[in-house]
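We call the chains A, B and C, going by the order they appear; numbering starts again at 1 in every chain.
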Amino acid sequence: MNAKLTTTPDRRTVLRGGIITAASLPLGVTLASCATGGGGEEETTDGGGEEPGGETSADNPFGMAENTTVDAVIFDGGYGVDYVEFAADILAETHEGSSVEVSPSTQIATELQPRFVGGNPPDLVDNSGAGSIGFNAILDQLEDLNDVIDAPNLEGTTIRDTLYDGVLAPSTYEDKLAAINYVLTVYGVWYSSSLFEENGWTPPTTWDEALELGAAAKEQDLYLFGWGTEAATYYQTLAIESAIKEGGDEVRLALENLEADCWSQDAIQGVFSAMKEAVDAGYFKPGGSGTQFTAAQAQWSNTQEFLLYPSGSWIENEMRDQTTEGFEMKGISSMSLTSSPALGADALHSTAGEPFIVPSDGNTAAGKELLRIMLSKEAAENFAATKLAPTIVRDTVPADGFGSTALVSQTDLLSAAGESIFTFNFVNTYGMNSEQLPIWNSFLDGSKSVADLTSELQAITDRIREDDTIDKVEVS
Amino acid sequence: MSATTTRPQTRKVVPAKGDRPVAVASHGALVLWCVLVIAPMLWTLLSSFKTSGEIFASPFGLPAEWSFTNYANAWVDSGLGDAFINTVIVVGTALVLVMLLGSMCAYVLGRFEFFGRRAIYYLMLAGLTFPVFLAIVPLFFVLQNLGLLGTLPGLIVTYVSFALPFTVFFLYSFFRGLPVEISEAAAIDGAGEWRTFFQVMLPMARPGMASVAIFNFLGLWNQFLLPVALNTDRDNWVLAQVLASFISSAGYAVDFGAMFAAAVVTIVPVLVAYIVFQRQLQGSVSQGTMK
Amino acid sequence: MTLSGSVIDGQPPNQTTPTGPVPGPRRGRRRKWTLDRISFFIVFLGLPLALFLIFVINPFIQAGYYSLTNWSGFSPEQEFVGLQNFIDLAQDPRFTNAVGNSVVLGLVVPFVTLTIALIFAILITIGGAGRGQIRGVKGAGFYRVVSLFPYVIPGIAIGLIWRLILDPSSGLVNGVLTGLGLDQFESFAWLGNVTTAMPASIFVIVWGFVGFYMLLFIAAIKGIPAEIYEAARLDGAGRARMSWSITLPLIRDNVQTAYIYIGIMALDAYVYMQALNPQGGPDSSTLVMSQQLFRTAFAESKFGYASAMGVVIALVTLVFAALVFTVNRLAGGKDEGGAS
């Protein structure tokens, strides 16, 4: 693992953006995204895509002209830009005379806004990071990437057939595939497989099993769960995952569409009650509401004072330096309420991030060609191997996960889930997290009942629903 | 102001009855306070040498090995080194500029009568009391329109502008207090306004300048909101932003030892500056209050 | 926080109460407008003033305008909504809660800080053993230097350090308390408990500022002519009596200035509150106005509404300053020069 990864801002920040960013300090970056305001208003009238075209062929499905210099601006976050340079080298080989200029950027919006407005955007952009461009601002200026997905990869297989299910949905706007999210994040509950083996424990699949495990842990003066004050809502994510698995899509849709009484749905109430049981039984390590979340996470990964931690797959990278030797991190899909949940026991919360876009006013053939190469097996495997994270391309992680048990379990979870992959966005979409945090802190430290929790979460949902100044996103 | 330093304190005094308990109580309270001040700082220093494991194990344990690994990690991996250099550049430049511009402005306001002088003075005074929060968002766009957003010059110019009212406000009264004969003598000698200021008035204002410079240095070094909101490019981060990133640390691999080390690195320069200049600082405070 | 720390960091400029331009030295004869003089005015007055207007006054004016619109910060459109934002604010329980917390800070922090600072200042200056000559305790210089340490530490570092010190499991405070046998403090979340979060935050801010105000008061007390104390002592006044009826009245204007500056700082307190409890504390009990403003502007992208909050903060600050002035005046102080 390169040292850089541990030090540069992790791209995955954004995936959990709502969970942390809203409550934390890097406000400047959030500001930067505001700066795009109006970027989309400047309608560029000259139709895009009229660059000197080359012949289309099986090797060159988009007809990229010879001797092209592809202009790619890539978000320089936790994954760096070298994986794009890797693909760029392939492009230079397969298209003699052409080359790629990869420009790293940490403030995509601020840097590219003038170029979008001026009609000379780059050919390919990784629109990531907290300073990324809001999609609604530039949607009209982006290419539909469905033809990339329908093109063959370098190995000759149609790219669409090589991808995990459902990874394209979040960036599809009315049939237009505006972006391709390149990297997968898996949400679940993480644990030390070595510790579990030692004690003969098995990771719980239902909340009942989790409570049993909590009792077993308590005998050894260990806790089942722990939390940090800024990350208390990780347990909300867990609860929602459990509830969606249990109750199916209608649970998800009610939450996403801010319906009245959506937090009172049976599945959600069932999970809340199970959590409350764990809280009351003392299965949560006390003091979480006054503990910095990274410190709390270290109590799990380093001093191993509690067993399970709900999070996204970034947790392995985030805690790498704070994880005790031989921890053997693994993940499971969030516990369901019963043993036969509506979506199936293997249903998984996963979503793709790192959206790559091809602006219409750039050299679209060139941008698409580079993207096609990135989605080919060779480049995707390189990404998984160097970044220890799966891309949306299936089967790129070998059985040993490059030595990372967490990576192996991510791919296992993904293949077990098959088509039962879901995600939800309402917390981030409406910036609810900061308001939900104190509620969850109080719930987890035992000072709020399930009824309090429900009514206070519902109040936030209701207020946003009733606020006409907030644009609503209809989810179906 | 001289009263502070010249009060006779040499006479030997025989303690009177009833004085001792008071003295003991005084010392008790003050010692307790000093412990309260120093203990957290020492603890921070101690923790900066511990590994994360040791930090979590016990708040009191000594590090098994006194190494500077945490410092190296903070310095390089967390970008503390770059931020340190940026901070020195930004604070240094801004300090020189604000002292120059501030003294110039204070001199004109303080020693020349012209239309609008009062209005400008009160406007500066008002600038002292507005909450910066109110200005942050428009300021963001002002800088963006000037192409200065996220750049060090942009940060410097903002620092200078926001430190200006305080500087002018303080130096104003200082320049007013300088005897009028001197500038007139300079004028008779044929010195122009520029020369009068730089060769006569500015040197005379040195004591006042020194105090303001110290306060400005502390204020700018400790600046938080402006860089966090306006200095978005990670390469240009200043120390406060690195520290802030340890707290929010969304997405960074966490390193608690390095966090303590970063705090120490941020504190030490100001602390050293304070200890070196503490006489001057205390002098300037008395000066202000004795006026 | 800015103004190079002067106001919001609670750093009073080195002057007593700002009472406006003092009468300046009389100007002699009128001079001719030479090139030297014109260029001098342009550079000496024009340059600083231009910076000040562009980067300080201009944003404030803009913010004032935005507070009357429904601008989101993202879209180019903004509608003029008049005072609607302010009407909404009055009915926004999140904001009124934050205002309440800020007002608590604005009242408690100055009072506690200045009381402690004053006591220490008195101890250091006239608390020493001795008869005849009034003097401070031995080692006064040491106490003075050490006391100011916290003041030079950046606010963000203070917050970060104290957050770790107050950590329930591995922090210094609980370590000491459990070490003393107080086992109920094992894993006690000082910052995560509704009853302790605010007091703990106040403690941290007070810790950071006592030293500076102590220094300020020491200087003021030393400015009181020694003869006054001598006379009082001959009349048989004890130390407490002297402090109460001589020291306090004579430095009341210093106290007033200090009160205003630390009050303004406490009404903001963003750095400290954000470092100690970024999410606003248990049940939002430590959420202050500035945090709510940031949240509204950048997480919820309601810039017009957030600007209205800024205007309210400015008003609260002004009201606070006016209140301190009034109280001091009612209590018999004069606007200028009690100590001089």
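Just so we're on the same page, a contact is a pair of C-beta atoms (placed from the backbone, for glycine too) under 8 Å apart; a residue touches a chain by one contact, two chains touch by 3 or more.
Source: prediction; values computed, not measured.
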Centre to centre, using CA atoms, which chain is the farthest one from chain C? A
Which pair wins on C-beta contacts, A-C or B-C? B-C
Please compute the C-alpha centroid of chain A, do the same for chain C, then give the distance between them in whole Å. 42
Distance between the CA centroids of chain B and chain C (whole Å) is 15
At least two other chains touched by the same residue of chain A: list those residues. 23-25, 27, 31, 34, 230, 292, 295, 299
Touching two or more other chains in chain C are residues 73, 163-164, 169-170, 278, 294, 303
For chain B, jot down the residues that touch at least 2 other chains. 56-57, 137, 244, 247-248
In the complex with chain A, residue positions of chain C that touch it: 70, 72-76, 94, 163-164, 166-170, 187-194, 197, 274, 277-284, 287, 294-295, 298-303
For chain B, which residues are in contact with chain A within the complex? 52-53, 56-57, 76-79, 137, 140-141, 144, 149-150, 227-235, 241, 244-245, 247-256
In the complex of these two chains, what residues of chain A are touching chain C? 22-25, 27, 30-31, 34, 36-38, 41, 134, 137, 229-230, 232, 285-292, 295, 299, 305, 430-431, 433-435, 437-438, 441-442, 445, 447, 469-470
In their shared complex, chain B is touched by residues of chain A numbered 3, 5-7, 9-13, 16-17, 20-21, 23-29, 31-32, 34-35, 77-78, 106-107, 110, 131, 230, 292, 294-295, 297-299, 302-303, 314, 317-322, 324
